[in-house]
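Note that chain A is present in both complexes that follow, paired respectively with chain B and with chain C.
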Partner chain A sequence: MEKSKILIIDDERDWADSAKMLLQDKYDVEVVEHGEEGIEKIHQNYYDLLLIDWQLMGDKTGTDVMVEIKKFNKVIPIILVSGKIDERKPLIEAIQKGATDYVEKDTELPEKLPHAIENALDKRDVVIRGFEKWLNRFEDPNQVVLRTLSGKEYSAKQILIEIKKDSEIGRRIREDIVKVVLELIQKGEVRS
Partner chain B sequence: MSQKVVELEPLKFRLKGKIARLLGRESVSNAIVALSELVKNSYDADASEITVAFNNVKTENGEIHINDDGTGMSYEDFKERWMVVGTDYKEKKRITPSGRRMIGEKGIGRFAVERLARKVTIISSVKGEKSKLRVIIDWDRYETEESYFDMVENKVFLEPKEDVNHHGFELILSGLRDIWDEGALLNFKRQMSMLVPPEVLEKKDFSISVQTPEFPKLSGEIENTVFGEAFYTLTAMLESTGKVNYQMVDKKGVTTKEVAVTERTRCGPLKFTLYFYPRGFSKDERIHYKLLTLNEVRAILDNFHGIRIYRDGFRVKPYGDPKNDWLNLNMKRLYAPKYLYPDNSQVIGIVEISRDKNLGLIDTTTREGLIQNEPFKDLVDFLEKSIEFLSKRRREDRKEEQPPKTVIRTQVDRIITEIKSTNLPLPRKTRAIKELEGVEDAALGLIMVYRNLASLGITVLAVSHEITNPMGTILNYSEAILKMIKTGNYDIKQFEEAANNIRSNILRVSEFIDFVVAYNRRKRRKKLKGDLYEILNDVMKGYGAIFKKRDITVELKMDKELKEVFLYRGDFESILINFITNSLEALSFTKGKRILRVSLFSDKESVHVIFSDNGKGIPPENREIIFEPFFTTKEDGTGLGLKIVKEIVEEYGGVVKVIESELDSGASFEVNIPKSSLM
Partner chain C sequence: MHAAYDPPSTFASSCAAEVSSMLVSINCTFFEIQGPKACKSEIHKHLLNFSTDTHGFFNYGHGSEVALFGYKGEVILDMSCAHLLRRKICYVISCLAAKEFGRKVISNGGICFLGFGGDFEYSPFYEEIFRACANSGAKAMIQKKTTAGEAFKIMKETFDNAMSNLVKDSNNGNWIVLLSLFRDRDYLRLLGDGSASLW
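Presenting the complex of A and B:
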């Protein structure tokens, strides 16, 4: 099974690097320091999860970056990471705006962060999780399983990426899958 | 074998003539002091006009003539007093017949003469005598090997005089030992100006004129400029209708006028002018005289303080004589210090009355002052009200200059007032009050400690990320290493990377932590000899890693001569810490180059610290309010930082304010602390 891909957006470079080392045994971790750079990366590549520093300095706060990402990718789980704070209200607001979770950078972080990541990945869209399981059954995940009318070909793995990127095609496939699954449930061929 | 005891001629000390040199040139420090002493002797002889003429004093053949209209000396006076070394008549009798307080040094005059010249001729004339005396002293004759001090004979002549009533003393000093240049003459005039009463009335008690053909500019009557130096000049005019016009000119030259009405007009119309001078360092009135030094003003006040009455230009004695505090000013001031009544020695007051208009003010039969009748009581009432007018203004000004009293002070004052109103015996009251004053001191000491610690708390909050983030980083690396060891899945290079990063992160916080620890260990209750330059450097070093992390360029401009100041180190550190904390926040909004600039320099009077950053700046409407407690624009600000700065600065008698930004944008603060409070 491939490692999940995580992008850390945190201007505290030292900390981000240390978190990368902490998580590297289970995850494929990349680090960027600025919000814009992170958004650019998410457009280009796909990630299973984002760790965003809530107190990003500069033009955009962590919440701003999150909101912007949510505009073009509604499915990607985002964990906000914050320094120690007294007032949790703004963080709770951030969760209402779409963050999956938040973790404080305290002494328990090395323990809490891997759990938070696992939980966030588990909480993901049922379709993605189902798709991931399904993909694991393929002997060759790169085998083409879909050809569009315009002639574009997708392997199961590529379909999963498109869904995770929440792209146009990914969204349409997901809708179709949901439709098919609902039909199957109605016919009693699949239990919900 | 026995010998008889024989008594020989007894042994006596004898003085060689050269002793004159010892008493003169070697004991009177300089020529100006010596000449001043001679003028003072004229003053002590009740002279009203003195002329000092300098002739050819730029050359070796110079002469100085001192001429006065004092009482003069008789042959007996010369023989029994002037010529006897060690006479102490001045010591016993420090007030002259006309009521002057004597100002000359005891018995110095005659040797001042030796100090100034090789030869002196004294012409002395006593009122009522038909002839005058001429005494000639040639000090060179005391210098010869064989001369004994009491063997040298000085010639005396009795000469006829034109006017029997003439009196006075004339000294002709020739063979001057010094060259008198412009500087020396100016210095002499300055010394003398303190003896002369300030000019205000037509009739003066005393004047000194200088005649010097070589320096025409310096010739003329010596003036006392002390009236121009008054902190407050009050003119109060009482009209016969009962209308009172007050006019007050303060030290800045600002004039204010006020009109009042009184029913107590039986004394008749009169004018009262009151000049007020602080005499020394007080916390709230910074003493800056314009032309004179504080010591000179003090010397003048010693001679001329008090409230005098002049009737048609003539002094009415004893009002305003030395130590004649007829309005009980000293008592009032002592009894009610918070009303800021002037002390008798802090004022020169002039009451102008006339024989025609103030008919109710009558001399006593002994001519010792005025009869204490109803008109006199009205006069006293008018003067007291005028003095209260001045005191009120002083209180208002002080209120403006001073921050409001501390809560503790207010309470202490309240209790002191209550103690004063009890029937306890005076010593017990005094003791109780003294102890209460101690309470305030102790409380202020505590406040100081809290304030310093609060500054630290505020800054730690502001830089908490710089402390906690490295901790988190270190923890992550150590967890990662443990995990790698547990799983056995590692690369030695990663260990190296982790260890290096752990070290660099520890170094990042240690500088600040070291600074914090040192700051907390400081002995707070002791004023230390400090070096502002060093303290500033230490504080900046403590924040070094934080500045670096936040990309802040620090510029220090320092005057390296600010070494010998005495202060509570924690106070100066608190000021710096709070400014730094503010700037760190303000600079977080700056995109380009972040600059923090501290300039530390001094001038004659004050130490200045200018603290600037190119952060988000302070909107003009907030420039005053930012010093108020709990005012903050920061999300997690306490609103105490600048309040603490203000409190500390004001405790040192200084000022802190927002000034025009020194950099293109951002905020600049300036702190000025008078040097006198750093000593």
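Presenting the complex of A and C:
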């Protein structure tokens, strides 16, 4: 199974490199220093999770970058990281704008960061696991479960394969499923 | 217009049959073009000869961004003859037709165009749910005499309710069905004058 891809957007290069060292056995990690560069990369490539420095220097803050990314990718988990801060209110506001979690760059980082990442990916994958469970109910996985009025047909097996191999269609389906569930959660139909 | 010749068009045709029954029940005059008769010459003949002032055009079958298809995939209406739907309220349960084709119909004098801007998806195991959603707008316009705009809103609500009921009834299990309903609802488009009504 392919490693999950993580992009770190942080201009504090030493910290970003240490985080990469810490995570690279389990994840495929890339690092960029500037917000614009990160946004460009996300437009071009697929990432499972983003780590963004909340206190990013330059034209865009970490929150600005996150908000911009959320405009075109609502489902990617984003963990904000920052140095020690005294005033938490701005950070809470940033989290309310779409961050999945927040981690401080302190001495407990080797424990906290991997845990936060696993947690964020797990939250995202709970939907996929539910989907897989439903598909497994079919006695014949090649049975057509979806048709379109333009004539395309999909079996449960095909859909699951596309999702698992993370193809373009699979990604789209996965993101659609997450959107469905998020919308239903917002409407109070399912518990998160 | 509907023409059952493969599984998706058979489903679409079953939706159309329900609309025919509604029209019969209110003694409405209508022409039903179906099966092998759902061909270009027949459709064009009817559209050219149909002279009443207010009328709807209900289409159920395959579609693309630029055309509607009849029996065995014959192109029955495309960008070059979109003017044939002028002064008509179009209700189109076909894939993608509410894109270029729908816009062309409106720019050529069509009153409004209610349809889908993407692939209309449904699960063969839950056809009743999809039929109810696909026909909810037609039902509103025919039986409740709503405007196209109100019918459009009712369709969205019907999709929403179907999703909610599925979640309540089956422990959030029917992902494919939820996904399809969600996409179909998002693909719904109303072009032209939403204040128009059939009556």
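Here is the rule we use: the second predicted complex is superposed on the first by the 124 of 192 C-alpha atoms of A that agree within 3 Å, B and C clash if a C-alpha of one lies under 4 Å from a C-alpha of the other, contacts with A are read in each partner's own complex, and residues count from 1 in each chain.
Assume a contact is a pair of C-beta atoms (placed from the backbone, for glycine too) under 8 Å apart; a residue touches a chain by one contact, two chains touch by 3 or more.
Note that the coordinates shown come from a computational prediction; the quantities given were computed from them, not determined experimentally.
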Which of chain B and chain C A:Ile159 touches, first, second, both or neither: second
First, second, both or neither for A:Ile173, with chain B first and chain C second: second
Partner chain(s) touched by A:Glu183 [first = chain B, second = chain C, both, neither]: second
Which of chain B and chain C A:Asp106 touches, first, second, both or neither: first
First, second, both or neither for A:Lys84, with chain B first and chain C second: first
More chain A residues in contact [chain B versus chain C]: C
Chain B versus chain C as contact partner of A:Leu149, first or second or both or neither: second
Touched partner set for A:Trp15, first chain B, second chain C, both or neither: first
Contacts on chain A seen with chain B and repeated with chain C across the two complexes: none
Chain C residues touching chain A - in the complex, by the definition given at the top: 6-9, 11-12, 61-64, 93-96, 116, 119-125, 160, 163-164, 167-168, 172-176, 178-180, 182-183
Residues of chain A defined as touching chain C within the complex: 130-131, 133-135, 137, 144-153, 156, 159, 173, 176-177, 179-181, 183-184, 187, 189-190
Complex contacts: residues of chain A adjacent to chain B: 12, 14-15, 17-19, 21-22, 24-25, 55, 57-58, 83-84, 86, 105-107, 109-110
Interfacial residue positions of chain B with respect to chain A in the complex: 464-465, 468-477, 479-480, 483-484, 487, 489, 494, 497-498, 501, 504-505, 588, 591, 636
